[in-house]
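Structures are listed in the sections that come next.
Heads up, the next two complexes both have subunit A, just with different partners, subunit B and then subunit C.
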Partner chain A sequence: MRSQSVGWLFLAPTLLILFVFGVWPFVYVTVISFFHWNSFAADPTMRFAGLGNYRELVFDKGFLMALWNTLKFGVFAVVSQIILGYLLAQLFMKDFPFKGFFRTIHTLPLMIAPVAVGATWRLMTVPGLGPIPYYLDKWFGYEFLISRYVGQAFLTTVVMDIWHWTPLVTLTLLAALSSMPKEPFEQAQIDGANRVQTFWYVTLPMLKPAILSAVFIRLMDAMRTVDEVWMLTGGGPGAATRYIGLYIWRVVFPKTDYGYGSAMSLITLYLTIVLCWLLYAGLVARRDLRKPE
Partner chain B sequence: MTRNRPFLSILFWLVSSLVTLFPIYWMFIVSAKSRVELFGAPNFIIKTFFSENYIKTLTDPTFQKYMFNSIVVATTNAALVTTLALFATYALARYKLTGKENIFFWTITNRMAPPAAFLLPLFLLYTQVFVVGDWKLFDTRTGLILLYCVFNLPFAIWTLRGVIEAIPSELDEAAYVDGAKTWQVIWYIILPLAKPGLAVTGILTWVFAWNEYLFAATLTSVHARTITTGLAEFVTVTGTNWGQMAATAMLTLIPAIVFLALVQKHIVAGLTFGAVKG
Partner chain C sequence: MSGLKRMMLGAIAAGLMAGVAPAKADFWADAGKDLAGTTIRGVSESTPPSNYVKDVLAPAFTKATGINVEFEATSWDQMYDKAIKDMEANTGIYDFVYIEQDAVYGYLARDFLVDLTKFFEENPKLKAPDYDPANFTTFANYFKGKDGDLFGVPMEAFIKVYLYRKDLFEDPEVKAAFKAKYNRDLAPAKTHAEYTEIADFFTQWGKDKGIELWGTTVQANTGHPSSWYEYVETVAPTFGVYNWGIDAANNYAATVEHGGKMNSPEAKAALEYWLALLKNAPPESTASTWDEVAATFGAGRAAQGLVYGENAAWIATDANKSKVVGKVGVALPPVEPGVMEAAEAGTGYIGYYDGGAFGIPHSSKNKAAAALFLEYIAQPSVQADWAVAGSRITLQGTYDDPKVKAQDAKTDGYYTLMRDQGKLFAGAPPYPFHNQLRETVAPIFYQAITGELSASDALDQMAAASEAELTKLGYRK
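Let's look at the complex of A and B:
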């Protein structure tokens, strides 16, 4: 009745755009990563390098440091967001006055441009202006200076990320919680399960797909955080908060080291995929072994 | 189950809302004060609104251009993405296409990739490959609009999927039996029924495009710079003019706040990326 060709015609523009601006760059970056290519170097032409760029990467202290810092940042931020997001989602499941209003407020940070988020937190923490350093000093005599102390800078980027992205986790888990059937909970109550047991054996297994998708989305986002951190710390002090995206962007662009930058981009991409795959295998597969469904 | 204590729960949500809103409120305070007033202990109350920060930003021709670019890029992108995604999703939902589940999944992988991995190849493509004579895609609004499709199209398709699949296909079938053409089915049946979903998709797409910074900063230099790049320039160029920076940031986040108020009811399905069927 209806021909397939019309369907393909409808899909064609979308596929074309995704191909030209999504697949082509990916192929391009893969090819370049096997070449030495630096347009500012003495020899600005492309020379085949084989795995040279990748070999160099393994010994690049700056890159490895950035990778490690990014991972630390991602784990701290995402774990806190999942816990906090779950608690808020559970609280939003209850009925209370002005619920819609409070939910809107708690969604707000999500809509703000990352650059503006960075600006906001810079204004909160900049010495001589921001309330955080002022009151920490006044009340506790604690010196708060993210342009000097590595730990404080790291912590501030994590707190900023939590502030910005917890709403996403809350919304994801809230959607999952509200679509859950009631029967298992009633059954658990009849069977005399206490709160901890209900959470561990009923809520958690049913919530797992939602938690997993929240972890994946957030982890992938955290691995590519650039804008906020760039605005907040500029990657400093030193290179302490120069997370991987920032590292690739700030270190490679001024140097125009295209081949090396490509290899770095690809490795980051693969590491993100591998990380998500490992998480998936660890969290889902093990569960399936224990309790086949 | 615990007893309902409305007073306690309201108190909790008030405190939690304060924590959430405080950084934005503080930015607003800074934006409404002159340089001199900002010295000394933090003051959380505005006595006089120092409008010069806003006026200076709004009357700056460079900033006006950035703002204009942002509006054009976000609006065109949202319109383009919503239209293309409507057709693509309709095709994927209603036609028996070979490998359509793979296409669905493939579209979303486009969104997963860290942009840092694409900055470099895109920069090279824009400056050296997508070039016709003197014209290059680099530093054009068109370049940004097309590029933003890469992460907005998958989002729109995944959000609209649920919307279109919720429209019973019997409606289409009945229309086809009555002799309707495909465009008539889409125009008279799908479009009216999918309108709320399309609106939410369009608005969120708009906000994503408006908020984007990294690509805009890398793939433009002078003519096509957007408001987010302008805000970032503030920090690096002017350094410590905090009042004006705060005013610029406030201007950047106003559309987001307005749109949030518009779509807040539908936002759960939209922002969670269709990951959870709510």
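Let's look at the complex of A and C:
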């Protein structure tokens, strides 16, 4: 009995922090999502809306477009990061001159705050000043103008995210590769497996937990991307890079539509959980089900 | 004059000086006596006038009163965000906030601000001898409540003017080429057709000469509301579309169908004209807010443009920042036929009279110290240098100061234009739902800039979205 009390005592600060910064805001947002509340409306008080805010979401073209853009952004960025991260991890498994130096350099983007990454990329891409549009025009005669061309803007946000976060995937996969036993690979070599077969039947299954961890972390991050993109494009041109985080920010802060923004936040959280669950179910649970008893 | 007489006169003069000069100095020291050591915090947009307050006036105020000032000059978006959140949550972080002219109606509707007229009536000891609201220009009227009380001390006021490269416009070679091409003399445009011709001409001139010169600036950022502001506040009024095309007296109608003008033929002509200018604008235009437009003009990359007047002084005079010092001409914006007459008759306007004030939130914990600071920056004695640095004028008497007159000559008469023609310009309409409506329609507007929507479709959608949002907000019944 006494040991339980001591345990709760030690847990109390953590639980308190969790409640204040996690549970209470979640409950608060949930409650607000059922109200119409805009402090600059003719009636600035909270008025019960029932499911009104949620119903509005379904017909909100801006929200649906932001959701679709975010999904595209997430898929392009995360898939690219996994592939590049794996290739870089394999590269760092080999010995080559200045390997330590390159490994350090390659992890530097991880140490930069997202807002600084966005600002840096903005400076690199701004016409008339940035080196990227300048050299693309000079060498290839290509007009690079992310403030005008929708496709270029979307692609640049994806590339920026890849540049920023691939090192995280690399380090995760490098750790997994380093801890792999040699025996299965030697066995595959003895059995005459070629490189593709070794990758597919030995490396990939053993890497799967690390890959899934990286996918989940990066996908959740991609779903809540705000600061980098905010600095680079402000969500433009048009609505091309208005990802869901940015859209919610605009609704909640400049537009001060707290009820609707809260509903949007909750639905986005729900969709992120569903997406991760679907991935888990598709990639892990199904395989486990197929395993022979 | 004997030595004795000189000494006596000197003593009398010193006595008079001692009797007069310290009277003013003493007020700040006396008023600050009980407040010395207090720290007041303020937030404002980072603009030339605000930066002058931060760098010059705030330290001088601290020296005079012992009251410390923490002045946060940040981006426009952040300024709003921080100020509104603070006032809404009643946290009292800020003791004075920047009130942009277009935001004041929302702030008054929410009762965020202290009534300064009443505050000084109730605290006569805090009333500085130099502070007199009667000194303000009529711009101060924007910051008055229904009963005429003042809720903000104007700190900047300027018009969005037509700047042009005087050196190019007066270059004989350029003039001859223009005349040969258009069969008329090159002069600042009076109409939109002339403006477009000049823009076409200089863009081609830049190409032919192999120089980085384009025909016009365009504030056409595709992810920032500044582009929408350029259209509704600067371009649409010159086509006779006022107050964003919304008829407040007619149940806030925006669509032509319901009596509004947001998607009227005039509005569509205005947007088509403005979008067509993009082909004559530097490539950075679709990434340009108000700041970048000024930077583009200051870098000598555009022959003409509509630029916020707060930048006129540094563009025309500061060689450390501008490449066009001494080469800047100032004029009124081009308009459609009939619009100038309407503005002169007081039934319309030709552009934006922008500016802002500092107000004290009810949530402030240091109202007395903040009030002293607002009085300090409203003193006539600090106005001239501030006007020279930030091309802003809020006191009528500032126009006559020799320093301002000298600067006026260097800026091709910008200050005179503001004084004499300021009446042709107007601030934003008195809508308390400013940000809410802007955030609703701006995303549609950006799609017109990128070409995803035509000007006509964009305005139709914007007008419909405006009415829907105003209905949701409860203003439109």
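Rule of thumb we're sticking to: the second predicted complex is superposed on the first by the 285 of 293 C-alpha atoms of A that agree within 3 Å, B and C clash if a C-alpha of one lies under 4 Å from a C-alpha of the other, contacts with A are read in each partner's own complex, and residues count from 1 in each chain.
Going forward, contacts are C-beta pairs under 8 Å (C-beta built on N, C-alpha and C of every residue); 3 or more make two chains touch, one makes a residue touch a chain.
Since we're looking at a predicted model, the values are computed, not measured.
*Asks:* Could you figure out whether subunit B or subunit C reaches more residues of subunit A?
*Replies:* Touching more of subunit A: B.
*Asks:* Pick one for A:T233: touches subunit B only (first), subunit C only (second), both, or neither.
*Replies:* second
*Asks:* For A:V126, decide between first (touching subunit B), second (touching subunit C), both and neither.
*Replies:* Both partners.
*Asks:* So in the superposed three-chain picture, is A:S213 touching just subunit B, just subunit C, both, or none of them (first/second/both/neither)?
*Replies:* first
*Asks:* Between subunit B (first) and subunit C (second), which, if any, makes contact with A:G62: first, second, both or neither?
*Replies:* A:G62 sits against subunit C, while subunit B stays out of touch.
*Asks:* Does the superposition put A:L11 against subunit B (first), subunit C (second), both, or neither?
*Replies:* The first partner, subunit B, only.
*Asks:* In the superposed arrangement, does A:L51 touch subunit B (first), subunit C (second), both or neither?
*Replies:* In the superposed model, A:L51 contacts neither subunit B nor subunit C.
*Asks:* Of the two partner chains, subunit B (first) and subunit C (second), which one does A:T268 touch, if any: first, second, both, or neither?
*Replies:* first
*Asks:* Regarding the shared-chain residue A:L278, is it in contact with subunit B (first), subunit C (second), both, or neither?
*Replies:* In the superposition, A:L278 contacts neither subunit B nor subunit C.
*Asks:* Per the contact definition in the header, classify A:V75: touching subunit B only (first), subunit C only (second), both, or neither.
*Replies:* Neither partner.
*Asks:* Using the superposition on chain A as set up above, list the residues of subunit A that contact both subunit B and subunit C.
*Replies:* 126, 128-129, 234, 253
*Asks:* Under the stated contact criterion, what part of subunit C meets subunit A in this complex?
*Replies:* Contact set of subunit C toward subunit A: 77, 80-81, 84-85, 88, 106, 109-110, 212, 221-224, 282-284, 286-287, 296, 301, 432-433, 435-436, 438-440, 443, 446-447, 449-450, 452, 472-475.
*Asks:* Residue numbers of subunit A touching subunit C in their complex, please.
*Replies:* By the definition above, subunit A touches subunit C via 38-44, 62, 126-129, 133, 143, 145-150, 233-242, 250-251, 253-257.
*Asks:* Considering only the defined contacts, which subunit B positions touch subunit A in the complex?
*Replies:* Residue list for subunit B touching subunit A: 4, 6, 9-10, 12-13, 16-17, 20-21, 23-24, 26-27, 30, 38-39, 41-42, 44, 84-85, 87-88, 90-92, 94-98, 103, 107, 110, 112-125, 146-147, 149-150, 153-154, 157, 176, 182, 207, 210-214, 218, 228, 231-232, 234-236, 242, 245-246, 248-249, 252-253, 256-257, 259-261, 264-265, 267-269, 271-273, 275-278.
*Asks:* Could you pull out which subunit A residues touch subunit B in their complex?
*Replies:* Contact set of subunit A toward subunit B: 1-2, 4, 6-11, 13-15, 17-18, 20-22, 24-26, 28-29, 32, 88, 91, 94-98, 100, 102-116, 119-124, 126, 128-131, 134-135, 163, 168, 171-172, 174-176, 178-179, 209-210, 213-214, 217, 220, 223-224, 226-227, 230-231, 234, 244-245, 248-249, 252-253, 258, 261-262, 265-266, 268-269, 272-273.
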